[in-house]
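Note that subunit A is present in both complexes that follow, paired respectively with subunit B and with subunit C.
The block that comes next holds the complex of A and B.
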C-alpha cells in the first residue's frame, strides 16, 4: 500500500513539472496569436501602404514604422557598444583576476545595480546626464540616442556580468592550469583559453543583456527625446518602438486603426526578440556540436 | 535552452498585468454607486483635483476620483462608458461623437474654464517676442536657427507634448496651421515629444537652444515667456488672466467637461458647483482663466 501512494506522488509531481514546462510554450504561442489577432485582421490595404511611409504621426494617419524600428535598433546597438566591453571586462575581472575578498564585494554590488528601478536611472538621465552630454559634445540637445544608450548599457550590465561570470566560473580549473603550465601568460590564458571555453555562456549573457535593452521602455522614453525621425547618428534624438506603445496605448480608441498598428509594433518587437533568440541558440548549438566532434 | 524563453516570460507578464488592469478598470469604475469618475486632460488634472477637494470639503458624503491621461483618454473612457465626467482641453471631435452614439452615449458639453498656451524659452535666450507665423515656421522646420528670429547663432530645439495631449492638438491647429482648416502642415520630424509638462520644463530650464509650449498654469518663474503677436505689426502680448479674458492674447482656448447624457443626481449638482463663483475662484488661483465675466 505505501508503495502505491509513493507511486501516485511520483506521478503527480511528474505531471506538475511537465505542465509547468509546457505552459511556457503554450503561453508564448497564445501571446503570439493574440498579437496577430489584434493587429493584422484590422488592416485595410491602405494601412499597409501607410506602414511603409517614413513618418510617424498617428493623429493624422501617418503610420510609417521605419523611424521607430531605426530608433530601437540605434539605441540597442549603442547600448551593446557600452555594455558588452564593460560587462565582459567586469565579468573577467571578477571571475579571473580579482582576489577573493574583492570578488565578494563586487558581485553583490553588481546585483544591486540590477535592482535599481529604471525610472530612477531615467530621472538621473534627464537631470544630469543629458545636460552633460549636450555641453561636452556640443549638441543642440542632450536628449539623444546616445544618452539612452549609456543608460541602457547600465541596465543591461548586471545581466551580462552575472551570466558571463557564471559561465567563466564553470570553466574547469584544469584548462587554466594546463595553459599556464605550457607557458602562456595570464592574459593569454584568459583570452585564448578561458573565454573561448565559456563562449556559449558568454554569448547567452550578451543576448539576455541586449534583450533587456530592446524591451526597456520608461527610461528610454525619458531620455531619448521621442522624435520620430530616422536617426543619422547616435547623437540625434530617436523614438523607440517601446516608448511609442507606452506613450500612445492609453489614449487610443479600442479597435481603431491606430490601435491595430500599435499591436503590430508589439508583434514586431516579439518577432525581433524571437529571431535574436533563435539565432543565438542555433549558433550555440552548432558550436557545441563542433566542439563535441573535436573532443570525441 | 530554457534561458531563451526568459524574455518571452517577461513579455507575457507585461501583457497579463496590462490586461488585468484594463479589465479591472472596466468593471470597477462603472458610474453607479462607486462615486463619480472624472478622467481626462492632463492640463486640467490639477484644476479638477482642486475642485474635487474643495467640493468634498463641504460635502463629505460626495465621492469623486480624478485621473489624468490626456483629453483623448478621457473622451475614449466616456465613450466606453467607464467615466461620468471627461475633462478635455479641446472640443470633442465629430468622429468621437459618432463613436459615442454608436455606444448609446450622448456627450453633453460644458465650458468650465479658459486656458492660454504660453510659448517658453530658456531665460538666457535674448528672443522675447515672436509672431504666430514665426512660431509656426519654427515648429514646422522652416526656421532652424535662433538668429533667423533675432536671437543668437544657435540651433533651435523644438519641444512638444505627446500626440495624445489636447495641448498638442490645439497647438497644431491654432499655431502650426494658424487656424486654417485645409492646412496639412506637420510638426518637424525632429520635434522632441515629451511625455509630461515637467519634461518640457526641465529641458527648457537647462537648454538655451530649446523652445517649448505648455499651459499657462505650468509656467514657472525659471522659464522665459514669449510675447506673441498675430501679425508682424504687433501688438506683442504676454499671456495673463487679463489678456486671455479680453481676447488679445492669440493662443487661448476653452476647457471642457463632457458628461454622458444630461447630468443627473450628484453629477448634476457637481457640474452646477463648477459653474459657481467659488469654483471659478479656484480656476484663477491655478493659473487658468475663469469663465465668469
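The block that comes next holds the complex of A and C.
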C-alpha cells in the first residue's frame, strides 16, 4: 500500500538524520578515548615526574611540557592582541563607516583572505617579516614568538572580521536612527549602541578567530624558531604544542615513552579547545537566555 | 517676516533620492508652535522624508538634491554650517517601531543627556521621573528602572521612546506613525500624552490612519506623491476638504 511505503520513507529519513547527528558526538568521544588510550596507559611514574620538568629534550628523556604550553599560550595571546583590535576595527569600518563601494570591495576581499593557506603566510614570515624583526629589534634571530604572533594574528583576522561584520550588519538600522536622533554622533552610536547590540556575534567572532589561532600548526612552525624553552620575552624563539607534534610524530618509535608523551600533548590541546568552546558557548547561552527573557 | 507663532517655516522645499524613490516637490508650510500638526496621506507621499529633513537624519541617506529652505526659529537648518547634533537635541523624534536601545530603561532615558555632557545624578534622576510622568509610564515602571528596556511590552516601549525624547527637553517632537504597532489602549495613552504635551512643545505627527489624524489634529496637511495637496487649521480638512483628492482620500475612495 502506498501509505505504508510513505511511512517507511519517513522513518528511514528520520533515522538517517538521527544517525548523522549522533555520529558527530560519537566521533568526538572516540577521538578523546583514542588520545587517552595512546597516552596515559603507557606512562610509568617516572614519566609523570619528567612531564613536570622545565626542559623539552626528548633524546635525553626530558619531557617537560611547560615550555611548549608557555609557547602556545604566548603566541596565541600575542595573536589575540593583534587580531582582536585590528579585526574589530576593520569590521566596524566595513559595516559602519566605509561608503558602499568600498564595502563591496573589502568584504569579498576579506573572505578570500580567510581561505589563504597559512603556509603561504609562513613564506612571507620567513622571507620578509623575520629579517625585518631581526634588524629593527637587533636580535640574534627574527624567528620569535613576536613574529609568530603577528602572522598568527593575520590568519585569524579574516575570520574575526567576517563574522563580526555580519553581526554588526544584522543590527537593525532603526537602532542607529534612534541613537542619532537623540543627538549622538556616529562614533558614539557605534560604540554605545551598535557594538553592544551585536555583542554575542562579536564574541563568537573572537572565539572562532582564537580557535583558529590555537590550532594553527605549520605556519607557527615556520616562523617561531622552534626552540623548546620557556620564553623570557615576546622576542625569544618558542615552540608551540602543535608544532611539536607535527615535527616529532614522524620520527618517533611507536609505543615509546616519547610517543605516549606526544599523544598527551594532543590530549592537552583537545582539552584546551574543549574548555575554550565551553566557555564561549556558556557565555553565549547566558546572553541568549537573557535576550529571550528580554524579548518575550 | 517670520511669524513668531510659526515654529517651523518650510519654503519651496524639494528633495530627490538618488534611486528615484519617494521625493518632495515644492513644499511650502508653516508649522505653528504649541499645537499638534498632522501630516497624513498614503504611503510614499513624502511625510517621513519631511520629518527626516527636519532633524537632518536624511544626511546619511542617498539624497541626490535638496532645494529650498527649512527655517526653525528663523534659522535655515539646511545650511552647511548648522550644528546637526544640537539640532537633533532640539528636534526629537519617535519612530514607527519602538526602538528601545539595548540598555536598561534608565540608561535609555539618560542616553541623550549623558551624551550632551550632563552627568549630575540629581539632574538625571529628575529628568527620568519627569519624562516618564509626561509619557504616562512612571507608575508602571518606577520600581524596575534598571531592567532591560526590551522587557517592556510594545506599548510601554513606545512610551519609553517618547519619554527618552522628552528627557532631552526638545522644542519640537516629531512622531512617525508612533502607534502603528500598538493596541487601542496603548494608542489612546500615547494620544492623551500628546494632548498634554502640546501646551509646551511643537508636535508634528504622522498618524497611522485618517481616523487618528482626525482625532488629534490642530492643523493638518495632506501629502500625496511628494506634494502638499492641502493644509488647513483645525479639523476642517476632514469635514470640508477643498481639494477633490483630499476628499477622495478622507472618505476612503483610495488609500
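Rule of thumb we're sticking to: the second predicted complex is superposed on the first by the 274 of 296 C-alpha atoms of A that agree within 3 Å, B and C clash if a C-alpha of one lies under 4 Å from a C-alpha of the other, contacts with A are read in each partner's own complex, and residues count from 1 in each chain.
Convention: a residue touches a chain if its C-beta (ideal position, glycine included) is under 8 Å from a C-beta of that chain, and two chains touch if they have at least 3 such contacts.
Being a predicted model, the structure only gives us computed values, none of them experimental.
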Touched partner set for A:73, first subunit B, second subunit C, both or neither: neither
First (subunit B), second (subunit C), both or neither touched by A:98: neither
First (subunit B), second (subunit C), both or neither touched by A:192: second
Interfacial residue positions of subunit C with respect to subunit A in the complex: 55, 57, 60, 85-86, 88-89, 92-93, 95, 97, 99, 101-103, 111-112, 115-116, 148, 150-151, 161, 164-165, 168
Residues on subunit A engaged by subunit B in the complex (per definition of touch): 24, 27-28, 31, 34, 55, 57-60, 62, 67, 126-127, 130-131, 134, 140-143, 204, 208, 211-212, 215, 221-222, 225-229, 236-237, 239, 247-248, 250-254, 269-270, 273, 277, 280-281
Touching residues (chain side subunit B, partner subunit A) in the complex: 1, 3-12, 15, 69-70, 72-73, 76, 79-80, 99, 154-157, 162-164, 168-169, 172, 184, 186-187, 189-195, 199, 202-203, 206-207, 209-210
Subunit C-facing residues of subunit A, complex: 172, 174-175, 177-185, 188, 192-193, 196-197, 290, 293-295
